[in-house]
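Letters A, B, C, D, E and F mark the chains as written, and numbering starts fresh at 1 in each.
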Amino acid sequence: MSTLHTVNKSPFERDSLSSCIRLAVKGSAILLIEDGVFGAMAGTDHSDMVQAAMKDASVYVLGPDLAARGMSEDRVIDGIQIIDYSGFVNLTAECNNVQSWL
Amino acid sequence: MSTLHTVNKSPFERDSLSSCIRLAVKGSAILLIEDGVFGAMAGTDHSDMVQAAMKDASVYVLGPDLAARGMSEDRVIDGIQIIDYSGFVNLTAECNNVQSWL
Amino acid sequence: MKYSIMVNEGPYTHQASDTALHFCKAALEAGHEIFRVFFYHDGVNNGTRFTVPPQDDRNIQQEWSKLASAHDIDLVVCIAAAQRRGIMDADEAKRQGIDGNNIAPGFRISGLGQLIEGGIIADRQLVFGD
Amino acid sequence: MKYSIMVNEGPYTHQASDTALHFCKAALEAGHEIFRVFFYHDGVNNGTRFTVPPQDDRNIQQEWSKLASAHDIDLVVCIAAAQRRGIMDADEAKRQGIDGNNIAPGFRISGLGQLIEGGIIADRQLVFGD
Amino acid sequence: MATKKFMFLNRKAPYGTVYALESLEVVLIGAAFEQDVSLAFIGDGVYQIAKNQNTDGIGMKNFSPTYKALGDYEVTKLYVEKESLEARGLTLDDLMDLTWEDEDDDYAEKPSIRLVSAAELAAVFDEQDVVLSF
Amino acid sequence: MATKKFMFLNRKAPYGTVYALESLEVVLIGAAFEQDVSLAFIGDGVYQIAKNQNTDGIGMKNFSPTYKALGDYEVTKLYVEKESLEARGLTLDDLMDLTWEDEDDDYAEKPSIRLVSAAELAAVFDEQDVVLSF
């Protein structure tokens, strides 16, 4: 796979996720961690942006960070894969490099 | 005067300024400091939001922070007053209280 | 006017501590009083005497110490926040079994009540942070 | 895979250090190698042995020390960033005329070259920060 | 000591940063000073009081139960901005059930959360003496 | 040692935080390792290389002249995202004039700043071995 992008900021508070989406090439993977997991939720002001990005990128979200924040897996946008830290490690190994959007 | 609101974040990176504008009552003062000074510039994607807010609030910007960032006073939105640290102190004394939007 | 100030970020990483210093100096110059500066969150890191910034840079910690001594300002480091972040005075170090301390001159470690008290006593409460 | 990790924020204030720890543990469990963890910006504050977090909370600094000793991980604190923020080892303290040191076991202070070298040597470079 | 109106302004999500937790520590101490205390949850601050927080997987302490104890400390005014909640696709049902017992009304259990519009909350802010931001 | 493609990703404004300054310190050290180094300025990162920075009033060191020295360290690829510049009402004229001397072309002075679209910059990112984010 191409690049793995990690985003650890809420899309409501910062421009990290929108910058990442703008600058990720087709075929990239995007992993939402820490406060970035709010970007994975359906029915928010930013869901459309994320769903549009999913045409070109595979989107993942870190389950432990979702659970910590009380965000239900049922309400994650369809097609976003929920992974744990070991899945995070696997992604970094499968992708050619890792780019953090802090 | 009513409340003095301080905003120290760039409106391009964070939601601090938009939250402040949404929650400031008519007659408030808004002071842009640190990276918040980018919100005072004309001709940006956020200038319209700030100009609309100026109908209900007096907007100020900290000159030393503008200069540090190379932002020209000529390009500050018309009607925004440029002040220094002593002007900042005066505002806090004139207003009833101070609210920071971090 | 009597001011109480809260500083929520450490030195250098965020501008908050610099801005708070500039504000305090300007307020004192205008004849106001700075009653207390309360350092919370990473702000406690302003109170370590172990910093050695580059020679061509400002020394934020020393500026706070000097300002406090010149104008009798109470510099309070929050004890709970300090424990999480490794700011220790001699008493605390002894109590916690830590083999050293790093508190800077003019700073004292105390509880969150000092922040609330500051807000009650002062005419204006300001917060500088991230 | 051989990993090099960069941690840009201190303990507790941001989740970055926690996430980096979880990542390192999971990588080691999967049979990968963590070659080096480089602490930069406020990340240097992970390397103070003066922290005393609440008893019901994790001790991030100790977790790094333990992980490093169990898996032979090189924990490097950037010297320039450490000087600005008051992280000292015995040698540095002597050189700078500081009356104490606070570096934690398993951490060493070194230059930014270690970060670049980490990126060159490792198969993957990851950054955790704010 | 005088009684002042203290507002604690919460705009950051929990766990990603420590501000929510350390804000709560101030609120608990503040309650002991018998001031007129309010909390506001704006922007990502609304996530602080989300239901069903479970931190087992990230190894951090789940401090959300502490919000439920606020009523016992006579901290009973928790303002939640409607616009922030809606932007995040959340409703009151997604927030914890936070209540207090009214001594003057036969210990009736009353809701602590006050869902308010931005305009209403702006008016509340305007009345405050001290605003502590986190 | 091997030569790798190193990208330094700058997304934060100068002075409000220390990231811009400390990023520059890494770039200077990195140059000594003779790697293939690029810098990207995205979002508020474009403000780092704005002209006419004057820090006298805030008592901090003006480190912007250091960007002018990058060419001497053979750091000659500074990508600036067009979309970020435009959103901020800025043009190339608002940025410092950053150049390098091409030894292989009779020491001709060439511009270091490469104004690129998001799509073009995305392609550059995709070729990198190591991305350090600040």
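Keep this in mind: a contact is a pair of C-beta atoms (placed from the backbone, for glycine too) under 8 Å apart; a residue touches a chain by one contact, two chains touch by 3 or more.
What you see is a predicted model; the values in this text were computed from it and never measured.
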Would you pick out the chains that touch chain C and also touch chain D? E, F
Result of counting contacting C-beta pairs for D-E and C-E, higher pair: C-E
Farthest from chain C by Cα centre, which chain is it? Let me know. A
With centres defined as the mean C-alpha position, give me the chain A-chain B separation in Å. 33
Note: chain C sits from chain A at a C-alpha centroid distance in Å of 38
How many Å are there between the centre of chain A and the centre of chain F, using C-alpha atoms for each centre? 27
Mark out which residues of chain F touch at least two other chains, giving numbers and ranges. 11, 15-18, 43, 58, 60, 129-131, 133-134
Per-residue multi-chain contacts in chain B, two or more chains: 8, 12-13, 15, 34-35, 64, 84, 97-98, 100, 102
Junction residues of chain C - those touching two or more other chains: 8, 12-13, 15, 22, 41, 57, 80, 84, 125, 127, 129-130
Chain contact topology under the given definition, line, ring, star, complete or other? other
Chains grouped in pairs wherever the two touch, ordered by label: A-B, A-D, A-E, A-F, B-C, B-E, B-F, C-D, C-E, C-F, D-E, D-F
Parts of chain E lying in touch with chain C, wherever the complex brings them together: 1-2, 4, 6, 18-19, 22, 25-26, 29-30, 32-33, 35, 129-134
Residues of chain C touching chain B in their complex? 1, 3, 8, 15-16, 19, 22-23, 25-27, 29-30, 32, 124-130
Where on chain D does chain E make contact in their complex? 12-15, 18, 22, 56-58, 130
Could you pull out which chain C residues touch chain D in their complex? 10-13, 41-42, 45, 48-54, 57, 61, 80, 83-88, 93, 96, 98, 100-102
In the complex, chain A touches chain E at residues 8-10, 12-13, 34-35, 38, 41-45, 47, 63-65, 67-72, 75, 84
